[in-house]
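Some structures are shown below for you to check.
Shared between the two complexes below is chain A, which pairs with chain B and chain C, respectively.
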Partner chain A sequence: MKLKSLIRHETFLALMLVTALIVLAFQSDRFFTVSNLLNQGRLMTEVGLIAIAMTFVIATGGIDLSVGSILGLVAILTGVFWNNIGLPLPFAAIAAIFVGTMAGFGNGIIITRFGVPPLIATLATLALYRGLAEGISQARSVRGYPDWFYVLGQRDVLGVPTQLWILMAVAVIASVILAYTTWGRTVYAIGSNEVASRFSGLSVEKTKLALYTLSGFAASVAAVIFVSRVSTTRSDMGSGIELDAITAVVLGGTSIYGGRGTVLGTVIGLCLIQALKNGLSLAGVKGDGTIMLIGAVLILAILASNIFERSGTRN
Partner chain B sequence: MSAAPYASLKGMSKSFGSVNVLKAVDFDVRPGEVHALLGENGAGKSTLIKMMSGLYKPDEGAFTVDGEEVNFNSTRDAAAKGIATVYQELLLFPELSVAENVFLGNYPRTSAGTIDWKTVREKTRDLLDQLDSPELDVDAKVLTLSVAQRQRVEIAKALGKKARILIMDEPTASLVESDVQRLMSVVRQLRDRGVGIVYVSHRMAEIFALADRVTVIRDGAHVATCDIGDVDEDDLVSMMVGRSIESLFPKQEANIGEPVLEVRNLHRGHLVRDISFTLRRGEILGIAGLVGSGRTELALTIFGMTPAREGEILIDGKLVAITSPTRARDLGIAYVPEDRGLQGLVKPMTIKQNVTMATMANVSSGIFLKAGEEARRALDAVRRLSIRCREIDQTVSELSGGNQQKVVIAKWLETVPKVLILDEPTRGVDVGAKAEIHSIMGELVKQGVAILMISSELPEVLGMSDRVLVMSGGQVTGEIDRADATPERVGAAMTAHRTKETAE
Partner chain C sequence: MTVNQASIGATPSRSGFLRRIAVEYGQELIVFSAIIALFIVVSIVNPRFISANNLTTIFAGNAYIAVAAIGMSMVIITGHIDVSVGALIGVLATISGSLAVAGYPIWFAWLAPVLVGMAINSFIGILVAYARIPSIVVTLGAMSILRGGLISVTGGDWITDLPSGFMIAQKRFFDIPAPLIFMVVLTVLAALWMRHTPFGRSLYAIGGNKEAALATGIPIARRTVMVFAIHGAFAGLATILFATQLQVIQSTVPPNLELTIITASVIGGVSILGGTGTVIGSTMAAILFATIGSALIFVNVSAYWLRAVIGLLILATVLADMWRRRAKS
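So, the complex of A and B:
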């Protein structure tokens, strides 16, 4: 029994990560250094926050494609609230995060009240929120943030990038919630059989509404960290980030049909992608090659996971 | 009768992992006979059928068809040898027409190589007429058909492939009585035309009315094959369960107390119209009615899935508004739904997780689930309802129908309900588990639980209920006390339309 519980997707993924780290370390002596690895942690925080929220959404059988646009919208609003309206920067950021969270809430309402499939609902708001961001920004970027603001995105706390602390804390908390709480159980139940969940008296609609709202919140926090990291605000920020997040989640073993998945898997998936991107570029592989390799790794991981699934069950 | 078997299986064995589901079973089918296959859920009937239809390969054993040994790799191979199957869950494409479904995969071609639709439609028409179904339109989309009609389309499809052997897996499980009669006459006709039929069913009446021979298997082993004239129902039941069952409907006397659920003039759409009744502590109120009479819709309204638009519901004499299943649960109403796989269980999850699904608050402190408490309750439920399983961490999809149903009941008993609504509680459940579920119901009413039982099986309604409420067309057309409840009276009310006088 002990052995069986170890043969699972996360174990396989962790082995892949270790292998990748070892191989990449031999390819370039600049890869396996503390400062480079910490810097990669810094770079993956935004995708990471979004991917962790996305793990919950996908585990219910849903999806949120609008996170990249919410990120862009919140980034723009942070700049506009501070620069054009003149709010103090902390309030500007909080107000922008609030709007982004409401954007997620809006997704939830469209999905739960009007019964629009999540793929279509968030595909529509992907366009809607991005359009809003572009309309508000008028193609102007905001720069010149006060120096203290860069602590969030460019400095270290106790030798580790500030945002990496946030990512780690969120990962631990989210992991505990999904694995050990009634709420996490409800998420899995909805993803496995939404009808039976409703027939069991679970609050299906409320749970889904909360998840899309949280997904919006995660994208919003990621936006503020993004702005602080790159010192500027542009309306095209975060475009395509939803696909990076979904890739990490699916690579991490979360079933796209719902009902299965862990935060740990997502985090390992995230690290693997980031390691490949960085390591290969240091080893002199061109960007296109890296993307192809990530695609291949994704398919390999899913195939392997299916084999494990099958060996464990009858039929 | 004594024709040589068309298909014959000798010493078939099959294991899944370490589980030996079939142990050297012999079975054969002759042309022009109905051979009933009997066994409890999990006895290995499905596995045997799947081997014959090419879905599973046997580990051991010889399979001969028409005198030559065969080794099927797919259902196509089986179809080529004239073996076709009509499954319990019908496998038609709802968006395609009847004719398109019947010839799917072997469409006749024109000389130009395109599909010859004219022939497809004509041949389909011909096949349906042979099945006495002139009312079925060959151009109708399958999704517009009733279950019974879809079943005839499946049979037509099998005949279209020139089936010599037709395997029918619980064909009457989801049919109403009139459709059952019609299906039986279709089966007899096929037999007379020389088709060999493998008939799997739990319903003894059908088996005695149809079968020429019967084979019983238990725990994966062959128990007996005999001519139907040589056995009676008690023999078959004891062969199936390996013990004799005292009575199928052990009605236990309970003290009937004060009203716990009162429904007054309840309205919700055209299938729940002006419904009033009272349910008392310790009482079993049976709801009889044809499919589509509004029985399930009434249950869904009381359970808050489709909240009432008008009318009153009182629990313990207090007026309540039931707006959601969550609210219904908190008020002490439990509902064991009709469709176990879709509505009752989260199949990929474990027994433990399913048992506590409606009562997570009871097994958690604040937001954290207490693993020990959860396991304790699940073990308790498994013991109390004698759910047969390896462990509480087994997924429910691995359990047999009867044990799955017990898990659903266990989930709702965890809520300590005042009112338990059971919708077709023993559908697709073997005789042994059926008797157990009935005795669980007896225990519950003794403890003062009020039970509302919906069932399509008249003997069950008459045997278990203290009172019978009959529905037709979304209205109550009769309320009959146990003493007066005869099949004739209930049957008459089932087809009655409410007249002006009784409507006040």
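So, the complex of A and C:
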């Protein structure tokens, strides 16, 4: 029964995506072209990486609001390590990613060791990590990166944007892990019933710690890609990206209460949001109108899925 | 997650008055002590910190956050959350300011945000209570709709030439700044209401244990809608203070306002799991944030470090709270 309703939501979402693509293709000649769609994939990558990690976190019944701040912190640190401290750029990026991953690990420790609810823990670190980014940067941006660095964010490999390869690889690996490994099942088990999972001998704390660390890592990698794409670092980078990611995850059918959700759903959710954003702006709708529509789509999608699910589970 | 506990308080106990206060208002006491400690330390470093002028700035300038946090606390105590309140306040401020500039009576420009706030949030409440969509999802969507709607209507233009009678946040009654009166009166009324009326108590019951609340005959769905409506009214009141602070209204959503308001509620002792907390705590937390912000300036810390310090303090408060709860159980 559960599987059935899952399939339902994703089918429904995929239909919505196809409808949106068809309608948008008729609105503008420039929408349904290979180069435009690939470019949208480029713009989708940072949110995408974060949203995939967030799918796991939300599937355990948790949430990570600090990802946008971790992104900002890692972006700033990449610039500072390279420009002010003088590390070679690859090492600077790796060091910054390491710090960002540790920031995620810190979230995990606060949540698992101290028992702070994830929403509060990451709300606090959202302020803390963004604050660190602002304090370290002192509102100065770092520019002028070497040319090879832009391969990551602005160039193509085999005709496809570099970062889109990364996103696709991560999506495939993550969906296999979540759907087919014991560890993935553990994630669902924790989200369905944490107490029962603990009594069943699952390592609840270790799994959660790993997930928040991974979430930090995903945000850190997204940060380096972001810097490479826009050629600069600023401390306000990625602010609000947590809400975009959560929207994609929830739209993708992951239950905010945990226990349910797939990476595929999240990816379809992401594509739908990006298609709407881009297609509508090409069709002449202003960005603000698009934001409104995404909000409405989010509510309607969950409403529709609730109605289907209830009619499906009644008997 | 830990099991919810509906600590509705007022447990008869033979221990002393102080002990009862310490048990029932533990988190509020921690926040209060933090404010006092901060005042003492910063005043030693820079005595001008406790000048009447600065105190006015601290309390009056941030009263709207405390007022909005009252409604937010009620929503969270009932077991829900609202991330759209920042966008809502932005929208309501624009409505209120536009009415005032367009020449409508001042009282109408003040009343409108309260009514519109109640209407919008009732709708959110209905989606939460009757359509059974989780509140974080509804309000996430509502945030996008309100934010997008605001910018597409105003185009980001500022509202200027506000009539002077409109600026209630700049007024003083008996030499006390109006926002301060608003904050104290609303907090006290809300605290009394939540503690001593059946409706107020039922919020704790709903947030603490839904099944039990249902079994005792509390109309959960209707109450949920009403809590959201009340929250909308407080957002409207907060808007009045926010919109009349400066001579202009920037028709944008104040960045991260919803997070500041949620954080004030949570730091003030409202459990994000629902069922516990008071609005006295949330108001004190709002004062604490304002005090920290001002204190940093007076001890010459770069403003860029402000958020990091606030984040650290939030974290410290949360950890202290967890430690206190464990020590109690």
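As a convention for this text, the second predicted complex is superposed on the first by the 306 of 315 C-alpha atoms of A that agree within 3 Å, B and C clash if a C-alpha of one lies under 4 Å from a C-alpha of the other, contacts with A are read in each partner's own complex, and residues count from 1 in each chain.
The rule is short, and it goes like this: contacts are C-beta pairs under 8 Å (C-beta built on N, C-alpha and C of every residue); 3 or more make two chains touch, one makes a residue touch a chain.
Note that the structure is a prediction, hence the values are computed from the model and not measured.
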Problem set entry | chain B or chain C, by number of chain A residues touched | C
Exercise. A:185 contacts which: chain B (first), chain C (second), both, neither?
Worked result: first
Exercise. With the two structures laid over each other on chain A, which partner does A:259 touch: chain B (first), chain C (second), both, or neither?
Worked result: first
Problem set entry | Which of chain B and chain C A:25 touches, first, second, both or neither | neither
Exercise. Between chain B (first) and chain C (second), which, if any, makes contact with A:210: first, second, both or neither?
Worked result: neither
Exercise. Of the two partner chains, chain B (first) and chain C (second), which one does A:299 touch, if any: first, second, both, or neither?
Worked result: second
For this session: Check whether A:198 is in contact with chain B, with chain C, with both or with neither, and answer first, second, both or neither.
Result: first
Seminar exercise, completed: Overlap of the chain B and chain C interfaces on chain A comprises residues none
Exercise. Quick one: in the complex, what on chain A touches chain B?
Worked result: 177, 180-183, 185-186, 188-189, 192-193, 195-203, 259-260, 313-315
Exercise. Can you list the residues on chain C that touch chain A in the complex?
Worked result: 1-2, 81, 83, 127, 131-134, 136-138, 140-152, 255-256, 259, 262-263, 266, 272-273, 302, 304-312, 314-315, 318-319, 322-323, 326
Problem set entry | Partner chain C, residues of chain A touching it in the complex | 61, 65, 110, 114-117, 119-121, 123-132, 134-135, 137-139, 194, 239, 243, 246-247, 250, 256-257, 286-296, 298-299, 302-303, 306
Exercise. Which residues, counting only chain B, touch chain A once they are in their complex?
Worked result: 16-17, 19, 305, 324-326, 328-330, 335, 337, 342-349, 353, 357-358, 360-361, 364, 367-369, 395, 398, 411
